[in-house]
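Structure record follows, encoded as structure tokens.
As written, the chain order gives the labels A, B and C, with residue 1 at the start of each chain.
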Amino acid sequence: MSALRADAAVALQIARKDALSELRGRQIAGSTLFFATLVLLLFGFALGPDPRRLADAAPGLLWLAIVFGSLLIVARLHQLETEDGALEELARYPIERHAIYLGKLLAGLAAVIVLGGVLLPVVAVLYAIPVVAAWPALAATLLLGAIGLAAVGTFYAGVTVRMQAREVMLPLLMLPVVAPLLLAAVKATTAALGGNPLGDLAAWLQLLVVFDAVMIAAGAATYGHLLEE
Amino acid sequence: MGTRALGIVALIAVAAASANALFVVPPDAVQGDAQRIMYVHVPSAWLAYLSFGVTALAGIGYLWKRDLRLDGIAVAGAEVGVMFTAFAIWGGMMWGRPVWGVFWQWEDPRLTTTALLLALYLGYLLFRRLTDDPHRRAARAAVVGIVAAVDIPIVHFSVEWWRGLHQGPTFGSPDKLLHPTAPGLFVLALVSMVVAFTIAWTWLMIRRYQLARIEWQIEEHGRLGRLSAARRAGRASAPPPADGAPERA
Amino acid sequence: MPQTTIYAAPRTREQTPPPAVATNELARLFGRSAALAGISLQVDAGATVALLGPNGAGKTTLLRILATSLRPSFGSALVHGVDVTLRPDLVRRHVAYLSHATGLYDDLTAAENLRFAAAMRGLPDARAAVDRALAAVDLAADAARRVHGFSAGMRHRLALGRLLLGSPSLILLDEPHATLDADGMALVDELISGWKASGVTVLVASHQAERVTRLADGFARLDGGLLLEAGGQGVTALKPSPLGWPSVVGA
């Protein structure tokens, strides 16, 4: 039990360090927000101007923007470690490998939640959808989706961190894996916005929970091997 | 020798089973001759998944034993698997056009999952290509393979739920062949195709593994050669190691 | 001194502590080149040893393997009797490594960087230890400044200060005098003497042969990935052992 507490403490320390770096002007969340908003704008140009079509497509577009944004977030969080050989230094401490993974995951999770939280009102405005009424369900979907994206993204950012062509390898490896998350998150969002007519909201949220649990377990178990040389 | 015999058996089996499935067995009442594609599509799909399972398990094995032979099995599974996956998707699309009217049906869990499987495989192979050091490549590829394999069942279930909610057209379903009420002749044809294809798959895996083994044997030979060359270069100028106090065993 | 050791070779009748470092035919390949081509040496506990040799001799590679940052391609390495491949977690508790890259976080202050390192090492009262470390490397005045603005010499000193956190029993230094001015280099010498006095084993890789050999008990000269010569006290070249693990010699 105390080993778990030690791991949790280590993970929180790492997440806190990343959060400090971010708040001090790394602009990870800032530039990502800007990018994601641009994506939503472009979607508007691509699919508009019929408001009904946009409203129908809104959940999908929202989550696509969040997914693309999370790619940037996890990549830049790992970049913090490569700039001065800090990742190798981090791996040399007497800490569990999965604690490092969880720490980076928590930092990524915070950023993705912020991203989603900001994009939701943006989508509400741009695509004219009612978000206020359904906000508990939307919040739950956002949280569960963010956890999954952070879990998978942190893992693949670790995979590609020192590779050549990492800018293309990260999305190439990560995007197929998040397809079920995207599906479930969009379905859940659609259900939430429509008042859950088919009663499937719970099922999709359950799928998200399963995805998150499996991916966190797989990532935590294998991250250590990525740190080896 | 044994491999060659296996290859001949595979060739005969595939030829015989295919001939049976394509020409002997009567066509389906509803889907017509198009249904015959299933005899090829289903075994391909099964082998695509099997290959990926092998890749993932071989990866786990490598992480445990650090034996590059297991990595050879992993890459064999990935390359053979890509082939069968592409084949399965092609077969699915060819079947879909006459039966569904479209090449692609999003809610068919097998088709969509197989497409994602192809994306995961190709990503895995591309990833392998970008790492040089054999042990590093083996370890990282193993990890990528494991996470990808873990994703596949989730993808499958999610698409099934997707379909379940839509209540789409059901008259053209590839599952028909596996239905308990399918005529015995059809089932027999399908089973014989699966067996024949699996024998062919085994042969392909063995050949690809042998190729991988030769590749890393050359690599290993090269590494050891460089090691001893470096030593010989050094030994020429170095004095013999000190041997002061008596060694305690 | 670590309490737990996994002794690789059978124990002798007199319970001498295991050597700080023992390697057997240790080799590491990077693609086409052999950075280490088979090193068998032993460093006694508490000794200060200079690792000498030109660029590309394998000094950094050897240190990285001992620090558990690199896996050997062939051969074995033991730190205080623990195999670096089998139980890297145990090794990490007792080893500290100063590498070429300082591994600092630019957006954090000097104090925050050290406090993070202290937390990673599991130190209970971090603030006191961090203040002491900063004072020891003459950075107390810059404790609240972000590392982003530091000069190379200051970053290097901060990395040196990081070594003082916790109580590692094996210190690995890779070119510790680089990027430092005369005062900085004197500081390094002071630190090494301090470690020597408290019985910590120190392995220093350096180009500055004379400076380092003055401080050290013994030296090991590398070139082309091989051990050419080992002299002085505390370091011995070993005969390669067919058993796999190093056959260490008595003190």
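One rule holds in what follows: contacts are C-beta pairs under 8 Å (C-beta built on N, C-alpha and C of every residue); 3 or more make two chains touch, one makes a residue touch a chain.
Computed from a prediction, not measured in an experiment: that's the story for all the values here.
Taken as a contact graph, the chains are fully connected, with every chain touching every other chain. Among the chains, the centre nearest to the mean of all shown protein C-alpha atoms is found for A. Look at where the CA atoms of chain B average out and do the same for chain C: the two points lie 45 Å apart.
Centre to centre, using the average C-alpha position, chain A and chain C are separated by 39 Å.
With centres defined as mean CA coordinates, chain B is found 30 Å away from chain A. Among the residues of chain A, those touching two or more other chains are numbered 228-229. Residue positions of chain C with contacts to 2 or more other chains are 71. Against chain C, the residues of chain B that register as touching in their complex are 132-133, 135, 223, 226-227, 230-231, 233-235, 237-239, 241-249. Across the complex, chain A meets chain C through its residues 6, 9-10, 13, 17, 20-21, 24-26, 80, 83-86, 88-96, 228-229. Across the complex, chain A is touched by residues 63, 116, 119-120, 123, 126-127, 130-131, 136, 139-140, 142-144, 146-148, 150-151, 154-155, 157-159, 161-162, 165 of chain B. Put simply, chain C touches chain B in their complex at residues 9-10, 12, 27, 29-34, 37-38, 40, 71, 73-74, 223-230, 236-239, 247-251.
By the touch criterion stated above, chain A contacts chain B in their complex at residues 152, 155, 159, 163-165, 169, 172-173, 175-177, 179-180, 183-184, 187, 198, 200, 203-204, 207, 210-211, 214-215, 218-219, 222, 225-226, 228-229.
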